[in-house]
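Note that the chains take the letters A, B, C and D in the order they are written out, and that residue 1 is the start of every chain.
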């Protein structure tokens, strides 16, 4: 197995908005083997409060041994993390979980809401690297322009066009991301790669099911260990029983999950 | 996988749990170390004293619905609901890889009835590679209105007896801290033949989300573990070590070699590291390294000199 | 001293503990708020629901030798040993200044024997300005081999009865969490006439200094308090609130108005803030402000709507 | 009462050695009423680990509403504090306790060991401000020159001459501070104001008793509240029973304490 625990140095801190931060970490052993949809568990401080590591998707790797995470400050752990300084070190476990299974034979559509956009950048890059006939479509949603614009710029840098939706209409479609999705010509056999809030993922899955598109979703659950040891991170499966989002996921075939629609 | 650290001084770290000799007193706690394999990327498993695997029941259990875990101040609550593959699949699917890791394997077992405990033990009795059985008696006895086996000395004793009769490996009884007098339970299981006691299991706790006005765990209540409970665990280990003459295995909030020292001074012969494995997957191996260095630095004849070495008078 | 904050919305925060009506559910916990006067520089005392003073015994007690306190993960251990001036000096020296602060005063009492509890209550019975008596039953009963009154339902009941017979103010019985089934004790004291129960007192714990190989407290063991114990406290309040019909006062790790909400949802009619007073001397008043705002924002008719409002089913 | 809880801004951070730090805090309400020997309780972080505030002597106040503390990193709380940044805010309670009782009628000798030197600077300043016939004598000890020199400089700035002792002889007398004390002509009726490690204070007290000098010592105990509420901070008294170091002290008449000599 290629998971490791690494002391990583913070190379750069970008404060994209007042509460969205991008960290660039120097972690050659993680960056070199990570694949899109995988995540890391980061210790946010050195004391026992908060006690547990926090999971973050890998949002990009670089060939010089760096990777990035993109996160929003929502509680104490992310708050602590947002106060780190360049040059400081963070303890990181990773890469963890099984990521998106890229199906090069099918047209791809990346669908991300809020911080769920994070892993899709990595995925978009990888899909392009793999070489495809058709450039993936990208549909992103967030609360407003302030949040969404910097994330869109990342995709633009890859040469991907983004179809946007915002809750307040300040950028792209005023409303739901699924409205945008429905308006696009995704082509037959499309595979959607989705990450975002649960209700959004449910809506995207419903749409995909009706169109017979493939649908892979990255789910978020509370996690204590991130490596299959605590059995805390379960998601109900359609066949009964539970999957473990840290080891069986976080990316699941939407078909396999039990959705409360 | 790294090579064994040849700089670790050659010191005597051996301790005995009944007829089982461990090369050092550091074990991992049930439910926090999976089936050991999960930790292979991080830990040289063969350097540990022993690993205790996730609790096994007679039949497979799906466990509780989510959410199952929630963080609390310096601790966490879990209500996994004892999800496990059941004793038969455990033997057929998990023992092979456990035998491969070259570390004594302690199997933690649980049941709803006395008969279940007995039957699991019987099935495990002849399985190659099981170093000891640890009996989790914090489970509710369904035939006694759901009162936990571990809260009544007689019930705890009868579970112990049933398991002892069914297998020949050392039997460790894991005590519940949710009792008025844990020494009483410890003495009960000692008399019933336990080779050792381990403590503490989790304290029963609860967390509420004031926004949704709902419990944070689907199961409403859960087990509290982590550094928050260390003072309670240390006190109970101290009390039980004075009450019984079988070895005591200390558990609760242990993170570092210093914590291990404290538990051994309080009277523990060995310890188990639980929640700390999540925070630092190398915690167990680092504790072995730390204890090893300590015994060398202090020029102790063996780690056993520490057991119960707390100085009380002035 | 600041003026009363006129921006605090006029909301109904009243709760009743027996015949005593508190203007809001926020009290301070015994032993953590001195005799209230210590907090005058920080808190508008008259804005609190009530203050509970340090435990009073029949005769003055010097308390335990040092060290008496030690920090633990998200908590602290104390072994003050119930240092206090004794009931007579309490009445003659402390009550005057307590009467001056214009907040209901609850006197916490403790004893080694049933007779001591009775006698303290009798001496307090006619003292002007005592709103209620809180009976600490976590003390060892010297006539019963040092078993704590609070761990045996019958002993807890007899202390309750003795105090009830000796005074006419509401009697709150403060329960020990170091028991197998706290509901049993709660029902025992309810039947014996308690007007309310408060819980939890501290969990028994211990800390060791591995360098000196000695206990960190001169008394060896001490009481664990603070955020670390909140999950246990919340669970016990939830259990006791379902077991009795008298008001339950929640204690244990409460720091903020959100914590107060959680305890009330679990079934508490009022709460006490303890260790948090050391960390933030304004914690109690800030909790009043927070609860006040919450009740206004949520447009509740009264804070009482929250009591036991936990949503369990889906 | 004049104690308050104040959000104070860190105005300046001086790293005197690798593990000794001086913080300058903007706290007009505390600075204006503090007296030498009093202390503050500082919250070292925003989480619950460490939980309790930490006590520090006020080592100097200034007329523009600032005060200073001087501390050594010995554990988690002081480590956290040493990582603060200028401009950040700290929650401070103070001024607490009863400080040195300056007896202007007697010659003064300030005796400080290690971080016990902190409150003596404030005391020296106040004694000079009060106007005295005789400038106070100052005897300071520490492990080595590196630690002691910056602290001596503070006293030199006041125009006070310092008699030094170091454990390694790298500055002043090689050995105990009490040796230096014994070698000085303190004059009759001298009042010593002492702060430092317990064994040093005991030795100074023994010497003072033999010479019939006055001796005020500032004691350190574990403290949870700092304001007389928890009863945790006791010191055994000669008359029996205990004093509370946060409210009856931290400065006591050495005569009143029960010494284990």
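As a convention for this text, a contact is a pair of C-beta atoms (placed from the backbone, for glycine too) under 8 Å apart; a residue touches a chain by one contact, two chains touch by 3 or more.
These figures come from a predicted structure and were not determined experimentally.
Would you mind telling me which chain pair, C-D or A-C, is linked by more contacting C-beta pairs?
Pair with the higher count of C-beta contacts: C-D.
Once you find the CA centre of chain C and the CA centre of chain D, what distance in Å lies between them?
Chain centroid spacing, chain C to chain D, equals 36 Å.
Could you put a whole-Å number on the gap between the CA centroids of chain A and chain D?
53
How many angstrom lie between the CA centroids of chain A and chain C, rounded to a whole number?
47
At least two other chains touched by the same residue of chain A: list those residues.
48-50
Residues touching two or more other chains, restricted to chain C: which are they?
Only 73-75, 226-227 qualify.
Indicate which of the five shapes (line, ring, star, complete, other) describes how the chains touch one another.
Graph shape, chains as nodes and touching pairs as edges: complete.
Which chain C residues qualify as touching chain B in the complex?
Listed in rising order, the residues of chain C that touch chain B are 72-75, 77, 151, 178-181, 203-208, 210, 212-215, 220-221, 224, 226-232, 234-235, 238, 253, 258, 261-262, 265-266, 309-312.
List the residues on chain D that touch chain C in their complex, please.
1-5, 43, 48-53, 91, 93, 221-236, 240-242
Could you pull out which chain B residues touch chain D in their complex?
73-74
State the interface residues of chain B toward chain A in the complex, per the touch definition above.
31-34, 38-42, 54, 62-63, 65-71, 73-76, 78, 80, 83, 226-227, 255, 275, 277-282
Note which residues of chain D are touching chain B in the complex, please.
Contacts found on chain D: 48-49.
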